[in-house]
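Two complexes come next, and they have one chain in common, chain A, joined by chain B in the first and chain C in the second.
On to the complex of A and B.
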């Protein structure tokens, strides 16, 4: 009796804390997701007053949809490049900022701030800024200062366009990942590093075998977020290239947008969106599982 | 000191919020003056349209109506802005409807007509002043739906001053003449064509102006839908020479150049010609208010006089069948068709209504008059994307980008277009 009432009270207080957040999550994520799934079973065109259910026909059509399958490939390409480059770069920057190269604390904070500022700019503006830079600024630099190596047509081929989108995405989010790594680096007990040095581990060896394992949780978080950001990327591609040239930068989110809102096949577009959702969930699950087993507890 | 700073900041923030929030819509209604006999009921009409350039000028035109009909106020709105089409659908689906609203002609009007969301105007007296080619664009199975309100044209806009300075006395009428004109312009240091290949829709325009001149669009669509046709035919093959000429005679880094850049180049007199529609004139005039331009069709062959301008109805005003003010809405549309009103639309909104004896708008040099000459002769073809399957034009733009970067040759281009068409009619 005594134990039961405590358990009940604990359960009630548990739900009291969790319910508000759960409610918001249900209203803004679960219910629209269910609605999207229902839509994906119809052929709604956005204007007819009734829904016509066609079962899983939309999902079968996806298997033949070369544009959608290509967009998956493009998204994968973009995501892998983004994840690797942004994590390596932000880790390097975090190391630099944490090391002895920059002595004054104020300077360290200043550089951190400067690198983080792009993260607070809206993605559409970031796209505008870089579009302007790639087309007008660089061509002026080539004409006025003769900097020939900048004389590239960024949007004239698929490599250039993907590079342009990547540069804008990385510039915008580098600060965020750097902040996470800096926080991770600062939780490392300096005694551990000293002990490692005494035992003979120096420089690169120290970094790979001591520092990196100790910030595994930061790496997990950053990988997690950068992979999802890569898969969901839309804003910068939409504004900068509209998926071009010739669908070279046509990512999944953009393909879904075009299917639902330009071609006006809302049912089919919803089916594609559900597929994207499932892919991201599966990816996240395996990724978490892989890295949880490598986490080093200190 | 800190308190003072905080107080000042707070006041500034409050001022900013109130300034942003206060955007009361202009009502422009005069007070209800009952003049003679029975006082008339006060009516408010809601009108939806999507053109950003005419938001204010349209209000001025509608205020004129209220001056003549003091009991009627017309409120014009632009729901959804850039996303007008899907916002209108969402609002109607959720039960919020307008009295009068604008959509495009052809397949968009058909979509709304099939869903019973627009009123039929076949026997309305005000439709009698609408020209025949305009009536075709809102003719669904023999019945007319909507009042066509704006004729837009697509072809080659050229800078008359540049032509003069380069010594070109006659605008080109054939593909060979176009080639010669380009050579002459290049030798005098001008860019023959300002292009915007980065924006896929400009390539859609270019292809459309060639396509609809070289094939009967409606017959073509019907045959394509049953798999009996292909984009490949000798006439379009000939016409594609124009695309090659443009790509060889355009501004540098064409794939990096966008619509604003192209308009700026022709406005500044650095480029001579641009393949575009007349909706770009306001953009050009923002850079150069004294732009003196001419308007000619895109040539598709070496026979003079064969080229035809693309001209189509782009704005059609409909009445929502479940509106409570159908009679008043019809009166408003009837007023639109009057000669004086058409002139107002031309002067203030840059519209060219497809009515007999309509006055073309001024601006951009002689471009509107040049277009009216072709329209009156009936020497025009529609825009391809009015009749192509929904969403096809976006992919066509991408495929044309592939052609311009050299990824596809002509045969691959046609095959891509054929396959893409099939994927859109599934």
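On to the complex of A and C.
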């Protein structure tokens, strides 16, 4: 039958195209993920030949794990601060650098380029460069300028350490969010803005009630990515503070890493990782839901 | 008129100020990388007496010269080849096929976008070790194929929809096999999205730290640039001048790459964020 053989040929072709990607993906993501679920139900130490299933015991232990619970708090603190600051700053910079008041397009691109450069460097390097800046340069600078009272021990206390990590994170990623906002700003039809001005909307009012709603999709994307980035942060903390001082910057990802690879409690670590996974998925779901309802249709 | 000119000047002054702020860490890093140890200990913020390249020579030797760069290049290049090849094929077919299995498989891929690496890194490490894939480039390249697939497919899936179907139709009528149709007709049309995908993934894979740390850190000869940097910072904890020289060496290729690929990077970031 002519139709049937076409269907079969199409299906074969479908799988020929899709299977390679699906196979590597299954092998190195789906299977490990499933493995993660399974491990979270054991007390594996990474070495022994057999898996000892202990059911949901790991999850119950998590409820008493103060270091983990604190890491959740720290991650939340870090993420909220990061998301708010980086989005506000990058939006302001986007407004600034997209402004018609800067006449030369070349210069505009140059400024944006400079701000974006840190995004192309490894986070380990970013962390290190700021480690250096905070410990050595800052001290020197402040003392030589006679502002000795501003000398802080960035890594000696919890607030300083979190601030240091935040600054490094923001420096590294501001350019990225700025690019998204600039793109969003550039899609706004200038006629709309003109019409709004004619109707009486000026300056700040125009920005809040006209411009911002028009770049909602950019805001959504940036919020989405910055929230997930905040939750997943690891590299910078790993290099800069190793979670210190005194677990002040111990984020969830770091706690999981330590639990699994330092304490060698792979089963327990996996359970924590699954909790993180669930948190991120739930967060994503609510974000999508919340913002889907607020999009301005053009 | 004058008010406009003043505002322009002000705005640009602020822009320049912000750029200066951004550049400060680099400035001090470079300054100190040219100092001798005593010079540096005297002051971290003054300019060096002369351009001292000793630190760079030392850093180069400690890093084992070109080795980490070669490792990073090999891993990045082979990863990208696999990712682009398989993801473009899959994204194309998934986008063109509009039945339930296609939609389900697409969701299975996209699902990974919300799963943090930490959730599956433990079993992944053990799996790779048991498959004996940790002693060579193969293991980590395969892993990158697997875990970079979702984003690559996500990016290209939408793009394929914008390619008109008539061209493929006429190719099929002319007797082209599905593979020929894809590789000779559709794929060349996907150049914009593929080039941005390549640039994004190059940056991500080149700068990746945790995965290589878990898989190939043990083998010194396989270490990528970020791993070598991490190790070096630990070893040269107080010899900031040497460590910073090493850092500059590592940063230079990244900055050069960025300068040349700026257009694609910007396009890649904005492609998913702007409607219409």
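The rule is short, and it goes like this: the second predicted complex is superposed on the first by the 266 of 298 C-alpha atoms of A that agree within 3 Å, B and C clash if a C-alpha of one lies under 4 Å from a C-alpha of the other, contacts with A are read in each partner's own complex, and residues count from 1 in each chain.
Quick note on the criterion: a contact is a pair of C-beta atoms (placed from the backbone, for glycine too) under 8 Å apart; a residue touches a chain by one contact, two chains touch by 3 or more.
Just so we're clear, the structure is a prediction, and the values are computed from it rather than from any experiment.
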Contact breadth on chain A, by residue count: chain C or chain B: C
Which superposed partner A:91 touches (first chain B, second chain C, both, neither): neither
First (chain B), second (chain C), both or neither touched by A:243: first
First, second, both or neither for A:156, with chain B first and chain C second: first
Touching partner for A:61 - first (chain B), second (chain C), both, neither: first
First (chain B), second (chain C), both or neither touched by A:78: neither
Contacts of A:46 with chain B and chain C, given as first, second, both or neither: both
Partner chain in contact with A:123 - chain B first, chain C second, else both or neither: second
Shared chain A surface residues [contacts with chain B and with chain C]: 46, 139, 261
Residue ranges of chain B touching chain A (in the complex, touch as defined): 83, 86, 89-90, 92-93, 111-112, 115, 117, 197-200, 253-258, 261, 390-391, 394-395, 397-399, 401-402, 404-405, 407, 423-424, 426
Touching residues (chain side chain A, partner chain C) in the complex: 10, 13-14, 16-18, 20-22, 24-33, 35-36, 39, 46, 93, 96-97, 99, 101-103, 107, 109, 111, 113-125, 128-130, 132-133, 136-137, 139-141, 144, 171, 176, 179-180, 183-184, 187, 217-218, 221-222, 228, 231-232, 234-235, 238-239, 252-253, 256-257, 260-261, 266, 269-270, 273-274, 276-277, 280-281, 284, 298
Chain C residues within the chain A interface of the complex: 4, 7-8, 11-12, 14-16, 18-19, 22-26, 28-29, 32, 43-45, 82, 85-87, 89-90, 92-94, 97, 101-102, 105, 108-109, 112, 114-124, 126-127, 142-143, 145-147, 149-150, 153, 178-179, 182, 203, 206-210, 214, 225-226, 229-230, 233, 240, 243-244, 247, 250-251, 254-255, 257-259, 262, 265-266, 269-270, 272-276
Residues of chain A that touch chain B when the two form their complex: 45-49, 61, 65, 67, 134-135, 139, 153-157, 241-247, 250, 258-259, 261-265
